[in-house]
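Each of the two complexes below includes chain A, the first together with chain B, the second together with chain C.
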Partner chain A sequence: MAVQTVRLTLEGVRASQGSWSITAQGTFGEGLHLVSGDVGSGKSTLGLLMAGLSAPSSGQVTRDGISSVMVSFQFPEYHITGTSVREECESWGLDPATILSSVGLEACSERDPFSLSRGELKRLHLACVLSRGYDLLILDEPFSSLDVVEKHRICNILSHRSRGITILFSHEQTIFPRVDHIWEIREGRLRYCGSPPESFSNWQHVPPIIQRLVDAGKTPANISADDLKEAAWRT
Partner chain B sequence: MIHIAELHYRALAIESLTIEPGVTAIIGANGSGKTSLLKVCAGIALTEAGTILIEGKGPRQSAIGWVNEFPDRNFLFDTVSDEIASALRFQHLPPEVIAIRTEEILHRFGLAGLSGRSVRELSGGEKVLVALAAAMILTPRVLILDECDSHLDARSMAKIDEIILRSGIPYILRSTQDMETAAGSNRVVFLENGRARFSGTPVTVFSGLEETLFYPMTWRCRL
Partner chain C sequence: MEDVRLRTGTATLLSLVAFFSLTGAAVVFIWWLVFTENFQLVRKNRLVIPSVILIGIFGIILEITGGGGISYLFRMVVVILIGIWLLSGQKPGEFLHLGSWLFGNRAGFELGILAEMALQNLNMLLVDFDRIRAAERMKGVRSGLPSFISTGRVLIHGTLLRAEDTAELLAVRGYVQGGTCVPVFAREKKDLVAAFFALCAAVIAVIPVRAFFILS
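Up next, the complex of A and B:
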């Protein structure tokens, strides 16, 4: 049986709102893609277009071989449908006990999801999202509100995600998963920077910690915490 | 000095904590009590037991500026200039004084071009600037920022840092999940399960956290 390949293609895509606009062109294959860009650059707009939740003003978005799509919004409360934490897990078709123990929220099962702290709610939401495989998974700022321990844990999960296209939109500056491709939004346009480590020289949003390692002649192989440490301690 | 003693509020239980003038970063895991601590210091919430004294006065007797983590939750009014002027209006200052001070702060923050715009139409970075201007117009003794860097990019954050560091406000308390930001502050308080486990200079506090993921990545990489 032929293995169905998944591919997301953006052809001459343009989205605009008043005087603001973003254009995008490119092909996203299987693997983990990081898209960096400033607040207001159009990361969320692009994510919605890719998922098919909104239509571009012009151009074409094609999803080949993609039968399941998931979008994780930056603000986790947009996703809440259950009136208790337990119901929220069940609404995703998941076993509450398994999910809650994976994020240390066992004691919160009967609480109103909105009574959790923002970080706890984000943790719960990501656990629900990441417990399934999707052909196309779009994560819009998954690290905002998370503490560093949780950021590292999520990065570790993402680094080991084996199938489908995962697109990670983030302005995070320090803690990343190991990624296959780096893109950035610059001057209203999506640009492909390449795969690490070659991509670093084309990456205008390259985080200061990576730039400093490169400048010190210690270019990391990739951008995860382990890669940065390995590069820093290399003799 | 800000003196905290025998403090109890929700999950927070702090026996004794002194906050010196300067920029203090409040760090800790999700749910460790960072927002609770900031709320009682701001007087937004009252403690269940214990005392907080800011230069000898309670939080509600002190001038305090507050910036929420979520840019949209800071706003009461529609336009940028109405939002920024609101604290002065609530004090019933004469309209001429309000106009002059609002104009002055709009220029200082580079917001003059946005004064008539609706706050809803602003970018995330602009929203935080407006919230900061509204919090600073009364020149508070204490400025409190609750993870306002969480939804901002590095460029917007650098601008905000520049403004708060030059503000001359004696106490700046900010919670953050960015350990590089914490490492660059004057003091750090590390909360764990509602308790102030470490407090002091970044070097002192992070030396107690070297075995954890809280240790700043740039320090770990010896940069």
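Up next, the complex of A and C:
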């Protein structure tokens, strides 16, 4: 049986609000894509356009072979539909015991999701989202509200994600998963930087730690913590 | 209309005129057609249709139970259209300027900041609502009472959190009462023309028709 390929194509896409606008052109294939950009550069707007949750003012977004889409919003509260943490897990069609033990929230099963801290809620939400397979998964600032340990754990899961297109929108500067492609939003335009490590020379938002390694002649193979450590320890 | 003083004054006057008589509502409707972006405003604002539906339900009940429902519906729709026009030109901070200009830097500032926060919250509620509905659709939650309740819960929670954040921010910055604001207003020539005709509309609506025309 032939495996259907998934592809997201942006053709001359433009979104605007007053004097502000963002344009995007490019094709996103299977794998993990990082889209970096400053706060307010239009990452969330672009994520909504890609998912088909908002319409561009011009251009076209085409989703080939994509039958399931999920956008993980920056604020996990938007996704809550259950009145208890257990119900919330069930609303995603998941086993509460498995999910809650994976994020250390077993004791919170009967609590109101709104009584959790933002960090706990984000952990719960990401555990639910990442437990399911989507053809197109868009993560809008998934690392916000998470501590360093959690960020590493999420990165590890994302690095091993094998199915579909995953697009990670983030302005994170230190902790990343291993990615297949790097994009950035610069001067109101989405630009493709390439695949690591070749992409580093085109990446204007390249994190300082990666830039230092590159300058020292120790270019990491990718941007995950393990890759950076390997490069830093290289003699 | 650039000048918030004229816009608010005109909107208040026209709303009153439209509400109190059917003739007034008709005249105000004509003013709305001539001096605003009229149906473009309706297309841009998602609150118009739900508001009209809600008023329509009340109007029908009124018509069935005691009469006058159609008149009520028409007058209220015109009031809504004027309200939409008032909000369509709103720019952040202008109600703070208006409040300070009207009632000074103590009570006026307080009223202005209150209006600003209310409008900001209204805009954020609309954004929240869109995101929640999108999240529900992606999760496969069907529209109905359960989704209505969960949407309401998230909206209320978000609003309370924002209110708490705002209160903390104001307290941290030492806010107690009043403030200093030097009101600045932009104005265009056509503002005065529209305001003048709004006044004419009010006069026409208030003064009986026989005062203008010799009727046999």
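Convention: the second predicted complex is superposed on the first by the 235 of 235 C-alpha atoms of A that agree within 3 Å, B and C clash if a C-alpha of one lies under 4 Å from a C-alpha of the other, contacts with A are read in each partner's own complex, and residues count from 1 in each chain.
In this section, a contact is a pair of C-beta atoms (placed from the backbone, for glycine too) under 8 Å apart; a residue touches a chain by one contact, two chains touch by 3 or more.
If you're wondering where the values come from, they're calculated on a predicted model, not measured in any experiment.
Engineer: Touch check for A:Gly40: first (chain B), second (chain C), both, or neither?
Structural biologist: After superposition on chain A, A:Gly40 lies in contact with chain B alone.
Engineer: Under the stated touch criterion, name the partner, chain B or chain C, that contacts more residues in chain A.
Structural biologist: In the superposed model, B touches more residues of chain A.
Engineer: Which partner does A:Glu77 contact after superposing on A: first (chain B), second (chain C), both, neither?
Structural biologist: Touch status of A:Glu77: second partner only.
Engineer: For A:Leu228, is the partner it touches chain B (first), chain C (second), both, or none of the two (neither)?
Structural biologist: first
Engineer: After superposition on the shared chain, which partner residues are touched by A:Asp95: those of chain B (first), chain C (second), both, or neither?
Structural biologist: neither
Engineer: With the two complexes superposed on chain A, say which partner A:Leu146 touches: chain B (first), chain C (second), both, or neither.
Structural biologist: So A:Leu146 only meets chain B here.
Engineer: Once the complexes are superposed, what residues of chain A are shared between the chain B interface and the chain C interface?
Structural biologist: Residues 75, which sit in both footprints.
Engineer: In the complex formed with chain B, which residues of chain A make contact?
Structural biologist: Going through chain A, the ones touching chain B are 37-40, 74-75, 117-120, 122-123, 141, 144-152, 171, 173-175, 207-209, 212-213, 216, 225, 228-229, 231-232.
Engineer: Provide the residue numbers of chain A that touch chain C in the complex, in ascending order.
Structural biologist: Going through chain A, the ones touching chain C are 48, 51, 53, 69-71, 73, 75, 77-83, 91-92, 114.
Engineer: Okay, in this complex, where on chain C does chain A touch?
Structural biologist: Touching chain A: residues 128, 131-132, 134-136, 138-139, 141, 146-147, 150, 153-154, 157-158 of chain C.
Engineer: Sort out for me which residues of chain B touch chain A in the complex.
Structural biologist: So the residues of chain B in touch with chain A come to 28-32, 35, 69-70, 123-125, 147, 150-156, 177-180, 212-214, 217-218, 220-223.
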